[in-house]
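Dropping the structures in below, format is structure tokens.
Common to both upcoming complexes is subunit A, partnered first by subunit B, then by subunit C.
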Partner chain A sequence: MDITFEHVTHIYGQKTPFEKLALDDVSLHIPSGSFTSVIGHTGSGKSTLVQHINGLLKPSKGKITAGDVVIRANEKKQSLKKLREKVGFVFQYPEHQLFEESIIKDVCFGPMNFGVSDSEATKRAEESLNLVGIPASYWHRSPFDLSGGQMRRVAIAGVLAARPQAIILDEPTAGLDPKGRQEMLDLFAELHKRLSMTVIMVTHNMSDAAIYSDQVIVMNDGKPLMIGPPEHVFLQTEQLRRVGLESPETMLFLDKVMAKARKKERIPAFTIDQTADVVIQILNGVKNHV
Partner chain B sequence: MEKIIEVSDLSYRYSEEHPYVLKNIHFNVMKGEWLSIVGHNGSGKSTLAKCLNGLIQPQKGTVHVGGYLTSDEAHIWEIRRLVGMVFQNPDNQFVGATVRDDVAFGMENHGVPRDVMIQRLSEALRLVKMDGFAAREPHRLSGGQKQRVAIAGIVALQPMIIILDEATSMLDPEGRKEIIRTVRTLHKERGLTVISITHDLEEAIHSDRLLVMSDGQLIREGAPRELFKSTELLRKVGLDLPFAIKMRQALQKKGISLSDNALFQEELVDELWTLHSSM
Partner chain C sequence: MFNLVIGQYVPSDSYVHRLDPRSKLIGVFLFVVIVFLADNWLTNGLMVLFCFTGILLSRMRFSFIYKGLRSVFIIVFITFLLNLFLASGGDTLFQWGWLRVTSGGLMQSIFISIRILVIIVVTTLLTLTTSPIEITDGMESLLNPLKKVRLPVHEFALMMSISLRFIPTLLEETEKIIKAQAARGSDFTTGSLKSRIKALVPLLVPLFVGAFKRAEDLAMAMEARGYHGDAGRTKLHQLNWSWRDTMLLTAILLLTVLLILTRN
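The block that comes next holds the complex of A and B.
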């Protein structure tokens, strides 16, 4: 599902002493089927931006198009429900929102809210639970007996059961241990690939943004500072640093190697394996040169 | 070195119907050291931390803090004053309407006289670099600033030990750095003993000693350099490896002959460079 922002401005607490310009004339495009990461310092407008994509916030000015739904400023909110059905939102710590007595009931809650019949909701819930890897033997247990990582999977299954075309993930790996983090990221890569879902991920982890996304949006002061593929964005170390962001750790490591080798031309590498190749390349290059 | 915490044969379960989540744990903490506790989610790290200041009482075994037994109710307030704890969620630890009130709250509870309180308050806020924020409302601060105020509240009680229970895990990278910087200063300048429960291995490699927890058991303890030689074991219990080690292993796999020594990125770069210059 293509998502487009045209001159979108959002002001919190308009006409109050706490008035704050959170989005400032933002225009951007998120292509259908892409994996887009949104990065930026706390308070840069990342969350405000993504909350517009499923109608949690409405623009103060401008227009948002998501598939065939158009949201304009100063409009009545009749199309918001349609939008929310198409764009799933996984909040930070989504496991805090589990409430039903069984896992299956909890996952059914979402689709039933969108008017899906009992039997259809159950069917979708089962599908979603399979997708996120919760075994059928668990489905009739209480979600509260699960581990943190599993609870998060159940919460995500609840969002998927509405069959959204796009999914927004707000810091989806926060609080998980390294293994849980990796499993969670693999799950999103899988959803993106297998279901061709448009994925929008808000993250503080530069390496995750670099490895998983096709497009990175860098937010600063309510505006996109850069939009582009990670191979481009993460070469702009100085610009990123100026807005309080670091490069992925692989790039920081390469910088240290390059400083020793007195080389300047940076090569993007985000996985450990790619980085090892670049290190070898740098070492050989210097050797040949001498 | 002097022992400041002694944990001896500790076992704990939440109730009789539940299995033990901590099993026969035994270790000491030395005065002035920086100790990190790592382990997968659910390994018992946080439960263990709560045993160290008497927030929970083990069914078996004992915990001594600064010579006091945590099960001895007569000394529980003394123990809580000695051991300050910073929790994961910065929003869950505020009681005061202003930063100043919040830092003063702990001191009031411990009956610190007013004139001493005023002096310690400004000193604590200065130490965490929040002195310009005394009159601000805590909920309007960033996550990193909130955690620094929480630390100031602890510092004001002049503890010997500070426990960080994943205190940086909900913060952005900038906030995370602020906290580590603040605690390092306290560690260095005040000789504060630090116990840090963390998933951040880049932080953990800087500690004096590490404890590895898995399924309620203490499975390894040692200096980071020693401990991270057991890469297979750490992987098996669901832990990640520090960046320099992952990088070194990838290079070794591609035929670069490197020693197993480098723990910090700088060391790996130096080694690569020495190797390369001698080629």
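The block that comes next holds the complex of A and C.
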């Protein structure tokens, strides 16, 4: 689903001593079926931005269009439930939202809320649990007996069970071990590819943003500083550094290699494989020159 | 979402903020007691005047305090109505069936409403201008004599400061879980009473789980840093009684004398 922000401003605690401008006249577009990463340092407005997409926050000014639902400022009655069914939201530490006595019941919670019948909800829950890789032997156990990583998978299954067209991930890999992180990211990449889901991921990890996304939004001070493909955004090392961000490590590494090889050009490479290829290119180039 | 002004602390650098928490605590306590001395227009006016002076000196915006009091107005209004119809005395102003409004009843209900509002404003002012840590430090210091009779004053103060400290955290957590469940289609604000109560389960269970986990972590962290209770413990913030604090208490004593002289 296409998501469009038009001049969206959000002010927290309006008319109190704690007033804070969190989004400042934001206009941007997230194309249907894209994988978009939102990066920025703490307090730059990333989370506020994405919470507008499924109506958890309403804009103080401006308008948001998500699919065929429009959210405007100062509008009380809105088709928020319909929107929330279409846009799933995986919060930071989603395992904190588990509450049911069994895993399967917890995963059913979402679809049941959206008015799906018992049997259909169970069917979807089983599907989602298979998707995130929780074996069937676990389904009737309590979610509180699981390990942290498994709890997170169950929570994510709970969001997927509503069959959203778009999914928002707020730092989905925070606090996971390297293996868990990789599996989690692979899962989202697969959802994106196989189910052509629109994925919006808030992350602090530049490499993840670079490798997985086709569009990167850099937030700073409540405004998008840069919007573009990672190959473009992560070449602007200076500008990123000014807002407290770094390029992915592979880029930093290549910069060092380039400097030592006395070369000026910069080639975007984000995975280990790409980086190795570029290094070989540089080495061959140097050899050819000599 | 949580539009509660009562219990919130707004940092600033006004006269009231700089007062010693002990003088504020004693002051508020005395004030709440002497409110009951007020029984006519003049004495009630004095109480209101005292409140306004307090708000002015704290440099809080009136609109901010008014907004926070709106939720209390319902309670005040119910009390007003109850007194209006139940209290008697003076001439009958209005009668409809067994409902009777008398001039004495009207006066009394107005005074009681003022009394409730004034008490709430003053206690709100205390928490608005005094951080929870200052309040518990002040409490502990005021209750210190009770240590002589083996009351665990320090532990009480610690429990209080921990619970106060975690109120914002819990609110934040609550808001987060409400959002997470709302994103899964849960609805806390519409539907029948039964469905609303049922909607609380997905909120309360994670909240309790989180609170227990947090308590365990905190206990561990305190032990790791060698916390051993009261004995020989020094304070980071020393309380400091200044002439302003003496002024405040003098003002309240003067007010008490005035009230006694002018009440019926």
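In this text, the second predicted complex is superposed on the first by the 289 of 290 C-alpha atoms of A that agree within 3 Å, B and C clash if a C-alpha of one lies under 4 Å from a C-alpha of the other, contacts with A are read in each partner's own complex, and residues count from 1 in each chain.
Throughout what follows, a contact is a pair of C-beta atoms (placed from the backbone, for glycine too) under 8 Å apart; a residue touches a chain by one contact, two chains touch by 3 or more.
This structure is a prediction, so every number in the text was calculated from the model and none was measured.
In the superposed model, A:Ile280 lies in contact with subunit B only, and not with subunit C. Once the two complexes are laid over each other on the shared chain, residue contacts for A:Lys193 go to neither subunit B nor subunit C.
Once chain A of one complex is fitted onto chain A of the other, the partner contacts of A:Arg241 are absent, as it touches neither subunit B nor subunit C. Once the two complexes are laid over each other on the shared chain, residue contacts for A:His140 go to neither subunit B nor subunit C.
Once chain A of one complex is fitted onto chain A of the other, the partner contacts of A:Asn54 are limited to subunit C, with no touch recorded for subunit B. Once the two structures are superposed, subunit B and subunit C can be ranked by residues of subunit A touched, with B on top. Once the two complexes are laid over each other on the shared chain, residue contacts for A:His232 go to neither subunit B nor subunit C.
In the superposition on chain A, no contact is made by A:His7 with either subunit B or subunit C. Of the two partner chains placed by superposition, A:Lys20 touches none, neither subunit B nor subunit C. Residues 41-43, 147-149, 174-180, 204, 244-246, 249, 252-253, 256-257, 260, 272-273, 275-277, 279-280, 283, 286-287 of subunit A are the ones touching subunit B in the complex.
Remark: subunit C residues 10, 61, 63-64, 67, 173, 176-177, 179-187, 201-202, 205-206, 209-210 touch subunit A in the complex. Residue ranges on subunit B touching subunit A, taken from their complex, read 39-42, 88, 142-143, 166, 169-170, 172-175, 199, 238-240, 243, 246-247, 250-251, 253-254, 256, 265-266, 269, 272-273, 276, 279.
The residues of subunit A lying in touch with subunit C in their complex are 15-17, 51, 54, 56, 81, 84-85, 88-89, 91, 94, 96-99, 109-110, 113-114, 144, 158-159, 162.
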